[in-house]
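Once you scroll down, you'll see the structures, which are given as structure tokens.
Two complexes follow with subunit A in common, the first pairing it with subunit B and the second with subunit C.
Up next, the complex of A and B:
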């Protein structure tokens, strides 16, 4: 394939897919080990009421208020889940289920009630994103990468997920030691002077930021899949956290690349003409990787567990 | 309009949908209770998302076989098969690898959903798929439903409810005390399987009304709300069934009474409102009850400490203590104890001395374990025992 076609049509969606996947997989590692994997699921559901509320308040479909709305909804959801869990003494899974379904229902209702048909704001978009449409029209070929004028026409989503990835990576890098200790032994971390509760909340907020940034571009299915599948597959490859994070990054990038290629070109190989949903395909590929890791990963068993338990 | 909808006077379809939603709500509430008590509420999330590829594949298959892809029975059959497959994947991942159940649930739900979306985009490009309306399964859509579909949903709700009623006893046993159930000869693995089968059935029947993203709300919210009202597993199931039924009935009714009120979200929001009320005002576990209990406890501590201070002739500075003592007529506004106050104070002091004896003597270890600084000693020991203790302490001393 020549650069004149690849660069404007496929390079930016591919890059955005890869960056989004990595942004979500990075905090996903810690959520997975802390048995909070489904926080990602809850966050991606409550993003919908967040953006609808932001739209109703501001009346415009621009990225910034929507991201604030989504992030705000994520924080509200986390606070509500914690409140229901503590006040009602309900197990975390059920508390989560109560809160995120109710908020999602409220989001759908708001969407149906408000006159959003004129603008591009719908449930489908929220679910599957629009990775394929994030093309770079100003590009004419590989040379455009050096052309400032063309670079100005890059889809803004690319910049946003890149910033989000840097922010998430920075958080993980700065708090690496504290995160690591508190993930494996919270009580020990507390005696070492780590503010474990604060760190836990910060981790969830970082995850929310990652989810919101990625959600904008790739939709909520991909966000959930990337929070869980690459870290879960990585967990079956190694016992060391450093290696697990590295594996998860590789798996995330691999899923995004393969998924995008399969979605865009796969149907052509079978003689069909139209591409299928890239976000869905990326999630499917990440599931295939997880399946392979579960079958062949060197550390797939619980250590010390009986072989056929 | 609302009244007509709730009393089943809005035409065949709306009536059937409302009946179906009510039956489904009852079935979902009861089934969800077992999931909730087994602490596996979110397994239903994986099951419901895993229905999507089945819906898509069933549509494609039916079109390829030359039939109408929108046949609801066929679509629901497909959804049941793929949801079952998703359930198998969850249990395989939890069993065969060291991943926790939460990770397995998340992985299965996102991957199956992703595959489902891929299939939906395939269907959109098929010539007969342009108007498939399969997106209706995501959020439920009862508008413009065929009469046969409505009948199917109402019957499905009735069948699921009958199954739940039939399996209720062993499921309560297993949910509440698996070890006891096993010792009583109940095959817990098989009952667990039956429970998952019921969850699957509820999900499939609810797909068209509530949609696959929100169906889990019907399985989770009613039991959680019901848990506030009772400590007994059997009653939780019944109350949850009631809450689910009312949510389904009210929700479907409200949604039929006006345009732009999607059925699924309304049902879920009604259920959530019931939950919020339960969380706030239920006796025992509710927030309001907890606050009242806390305030009562606070008053007892203040009163007790105030009395002990009076008995020892110490001045009281704490405003709340003073106010409470004054309101009980135990001190005058200037902080000097009244006659009654002095009597109560010396009684409190004497009780402390009695407790002291109880806590030091070996024969009363059982009673001593109940000491918390507030409990009246008469509620623990008999008058005879108290007289005996008094003999050990010596004659009554009058507080000064």
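Up next, the complex of A and C:
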């Protein structure tokens, strides 16, 4: 494929897919090790009331108010989940289950009881995103990457996920030691002066920001898959946290690239007419990578099984 | 000099001499308190065992003292300073079962965690830090295991790695939660010899201990808890048939108590 075709039609969806996958996989590493991996699922449910509330307040269906609404709902959910977990002294999965189903139900009620049901709030869009439509019409070829006028026409989703990735990466970099130690041994971290509760809430809020930024472009299926599959596959490749995070970034980028290509061209190779959902295919590829890592990864045995229990 | 000043001076003096001073510590997880109004005064340079039956609040007491759980009430002073200002003076060894040993770190990484407070968020890890971590591992006989993943260790080896991490903290007060639980005899000997070294260096050791038969051999002071504090003092004075009876109720037979407290 030549640059004149690739750059306007495939470059930006591919980049957005890769960046979204990496943005979600990065905090996913810590959520996985903290047994909170389902938080991505929880966030994808709780943003519904936020989006509806944003519509009720602003009266328009545009990206920015929706994102703020979604982010606000995610933060409310995170605080509620932590509150239920710590006050009720129950495991995180149960706290998430209580909060995200309740908030999702509230979102449905809100949608039903207001005029929003007349507006087209697209369910398909929320699930699969619209990765294929994020094309760069102003581009004419590779030269457009240096053309300021053409660059101004880049889809805004690209800028949003890029900013989100930088923000998430900065958080993980600055708080690396605190995150590592409080994930491994929370009590010890507390004695060293780490504010473990605050850090736990901050991590989930960062994950929520990543999810919401990726949502609009790639949909909830991909967000949920990227929080879990690349970090889980990476864990099976190494016994060091630093390497696990690096592997998860490689797997996320690989899933997004392969998934995008397979979705666009795979069906044609098999004689079918239409392409399939890129987000769905990326999630499927990440699942396949996890499957391969589970079968052939060098560190797939539970080495930490109780020795003397 | 007014009477009030006299009291203040005496209080300060006591705080400065003791490594750890706890007043009125009360912790509750639900309806009834797990620890009720416990005072403790641990002299600097001593080795204190905290003993009591299962569920008596020993671990909870330690966690509240270190600020890991929030108590209902109670004040903690460490070398005369409030807890928040004394964190670099405290090393903590949690119960081995409290962490996930599948976590993707190597032995050396765990020991280096003891240096995180010194290093700060982004301070560079230097060769000297690594050498210090290896040195701490060799003090517990684990220097050959630095590159191993922690899940590949036996229970006793895991416990020694935790102790090495505490050694890396280079603190004056060492607080250990059941350091001898489920470890092999070689590990138990290694740990007790390190703890005695620490005391010889003038440091203070406080450990939750569950094996009554070794209290007198390992420790010089004892604190007996069953929700409330039953006794505290030198082993010779506080570890008696009466205090054991009061702490354990009917759970120990009279013959057992006699064996434990008969002078060797």
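The definition used in the following text is that the second predicted complex is superposed on the first by the 279 of 309 C-alpha atoms of A that agree within 3 Å, B and C clash if a C-alpha of one lies under 4 Å from a C-alpha of the other, contacts with A are read in each partner's own complex, and residues count from 1 in each chain.
Operating definition for what follows: contacts are C-beta pairs under 8 Å (C-beta built on N, C-alpha and C of every residue); 3 or more make two chains touch, one makes a residue touch a chain.
All figures in this text were calculated on a predicted structure; none of them were measured in a lab.
Residue by residue along subunit A, subunit B and subunit C are tallied for touches, and B comes out ahead. Once the two complexes are laid over each other on the shared chain, residue contacts for A:235 go to subunit B and to subunit C alike. Look at A:192: by the touch rule set out above, it reaches subunit C but stays clear of subunit B.
Of the two partner chains, subunit B is the only one that A:32 touches; subunit C does not reach it. Of the two partner chains placed by superposition, A:86 touches none, neither subunit B nor subunit C. Within the superposed three-chain model, A:244 lies in touch with subunit C and out of touch with subunit B [touch as defined at top].
In the superposed model, A:102 makes contact with subunit B only, not with subunit C.
Overlaid on A, the two complexes show subunit B and subunit C touching the same residues of subunit A, namely 89, 235, 299, 302-303, 305, 309.
Those residues of subunit A that touch subunit C in the complex are listed here as 33, 89, 174-178, 180-181, 183-185, 187-188, 190-193, 235, 238-241, 243-244, 299, 302-309. Across the interface of their complex, subunit A is touched by residues 29, 63, 66-68, 84, 87, 90, 92, 94, 98-106, 109-110, 113, 116-117, 119, 121-122, 149-155, 158, 165, 182 of subunit C. On the side of subunit A, the complex with subunit B involves touching residues 32, 35-38, 40-41, 45, 84, 87-91, 93-98, 101-102, 104-106, 108-109, 112-113, 123-124, 127-128, 221-222, 224-225, 227-229, 232, 235-236, 263, 267, 272-277, 279-284, 286-287, 290, 294, 297, 299-303, 305, 309. Contacts from subunit B toward subunit A in the complex involve residues 36, 39-42, 44-45, 92-93, 95-100, 102-103, 105-118, 120-122, 125, 135, 138-139, 213-214, 216-217, 220-221, 223-224, 227-228, 260-262, 264-266, 268-269, 272, 275, 279, 285, 287, 290.
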